[in-house]
Amino acid sequence: MIVTAVKMPRIRTEVQVMFFDTDCGGVVSNIAYLRFIEIARTLLAEELGLALAEMAETQKYPVVVHTEIDYRRGAKLGDRLVVEGWLDRLERVRFWCAFRILRPKDNVLIAECRQSLALIEMPAGTLLRLPESWEKYRDLEAKTQPDRRTA
Amino acid sequence: MIVTAVKMPRIRTEVQVMFFDTDCGGVVSNIAYLRFIEIARTLLAEELGLALAEMAETQKYPVVVHTEIDYRRGAKLGDRLVVEGWLDRLERVRFWCAFRILRPKDNVLIAECRQSLALIEMPAGTLLRLPESWEKYRDLEAKTQPDRRTA
Amino acid sequence: MIVTAVKMPRIRTEVQVMFFDTDCGGVVSNIAYLRFIEIARTLLAEELGLALAEMAETQKYPVVVHTEIDYRRGAKLGDRLVVEGWLDRLERVRFWCAFRILRPKDNVLIAECRQSLALIEMPAGTLLRLPESWEKYRDLEAKTQPDRRTA
Amino acid sequence: MIVTAVKMPRIRTEVQVMFFDTDCGGVVSNIAYLRFIEIARTLLAEELGLALAEMAETQKYPVVVHTEIDYRRGAKLGDRLVVEGWLDRLERVRFWCAFRILRPKDNVLIAECRQSLALIEMPAGTLLRLPESWEKYRDLEAKTQPDRRTA
């Protein structure tokens, strides 16, 4: 028997909090965390075969359809944060990514986020089907996260 | 019989899409809409008695605890958008605001958003109780939006 | 004798400092001022016959070639600032705009900025000649600001 | 004879162009380059003994007093850029940093920038003297860049 080694795509990256990420409340602005998540999402897209440089040429982009984010704790200037991102679920023309922002220094969860995306072709904005090469993730998802299907 | 004139605080403001709001996909960046919403939230906070200039002095700030946003249609460079915001629900120490971004030109709904916030005192980050002057909105909410209580 | 009523285009707009404009130093981030200036520059471009909505269609954009900015005083959360902008000088294919950011409340000069721009056509990035309708500003400039010609 | 190994502090870092760095002109927004430069400046400040995490605690920050930037070529989505930064000149209470943004792929110069900064203590905004440990860079500067002194 051959066991296929297909795994849900998952990435992990590091960011450091800059002045422009903070606001006068002394912590990172709620908006800046979404830049951190976009950095992670870009790396995740590359894992899925969607490279940034190609998108600029083909004009086929993933667009964010929905974002939900829970802010748990405030990160501060100079903090080194880890952003984890993974493919969470595939629908017919949309896919869900999930993200977690952590501060390893004191092992604190900073924020959790889920986003659904679609692939579109600009400038017309035509909705595209998800790539066939992603089909292998559908089964995997069913096996590993059955509890999410009914949510 | 006396009819009280208390109404849920509600604001409406206009923004125009600038270059820095767009990305190379040709439409407004998903992150930029949250700046539009922050502008509306600031005006709404003023309606609720929380003025920006005071916050800077008292160090008491509303912080975003949760955001959920649905992107319906992409706005473009130069578009004049209307952002509507209103107080949606009061919990014990959190309150919910809701927002809608519209493009009046062709009467299109661009995005819908809900955020929950808490009041904290910096730099300690102490959680504050909601102002007593807001109590009047609790009853109102119960009367006008009973369906949301069970959601 | 006929007195021509041509004046150098000049605009004035107001912005209020939002949370996302500030950083943890407690004042407006040096980068955020350039967003204020872009808002003013957009209004100035409209005065010059370059409307944002048209640019998105014609793909002819003004691009910033050079920026210089002096930060005089720090603005704070909630401050209402005035941004003044004017056409400063025309070269063959470049034009200079100048800006001043003021805080009327205490009559303080916050920042001064000059930018040179060129008109290009995307996606090729072709450099365009300045519009003929701008020629009338050349003479005007010579008359009103002779000292700048030798700088 | 002992040759001192003091060198002008100099750093080099890499950034990749994200969606949020671009605008609908199809290239990186003029404002986004200043975020790249702030990342480089932060690393340079660490070389000079000014770590971000400390600044947040001591409330002593470098503030930008002046920026000048020349935009040479437009970078695109997905481009990997190198930002070089170095200490350029020390004045009595100000210091100058210089930056260069390059695209190694085709060896293109994207932008050049100079900034002068001062050290201040917040919230009062008191101007601080430059650290004594920086005195060693004064002589060095005189030797290596005599032409800049008269500029």
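Order of writing sets the chain letters: A, B, C and D. Residues in each chain are counted from 1.
As a working rule, a contact is a pair of C-beta atoms (placed from the backbone, for glycine too) under 8 Å apart; a residue touches a chain by one contact, two chains touch by 3 or more.
None of the values given here were measured: they were computed from a predicted structure.
**Student:** When contacts are scored as defined above, which chain pair ends up with more C-beta pairs, B-D or A-D?
**Tutor:** A-D
**Student:** Please flag the chain sitting at the greatest distance from chain B, going by CA centroids.
**Tutor:** Result for the farthest chain: D.
**Student:** Once you find the CA centre of chain A and the CA centre of chain D, what distance in Å lies between them?
**Tutor:** Chain centroid spacing, chain A to chain D, equals 31 Å.
**Student:** Once you find the CA centre of chain B and the CA centre of chain D, what distance in Å lies between them?
**Tutor:** Centre separation, chain B to chain D: 37 Å.
**Student:** Give me the residues of chain D that touch two or more other chains.
**Tutor:** 19-20, 24-26, 31, 35, 38, 56, 76-77
**Student:** State the interface residues of chain D toward chain C in the complex, per the touch definition above.
**Tutor:** Within the complex, chain D contacts chain C at residues 24-26, 30-31, 34-35, 38, 56, 61, 63-71, 74, 122-123, 125.
**Student:** Quick check on the complex: what are the chain B residues that touch chain C?
**Tutor:** 16-20, 26, 35, 38-39, 42, 51-56, 76-79
**Student:** Once bound in the complex, which stretches of chain A touch chain C?
**Tutor:** Residues 19-20, 22-27, 29, 31, 76-77.
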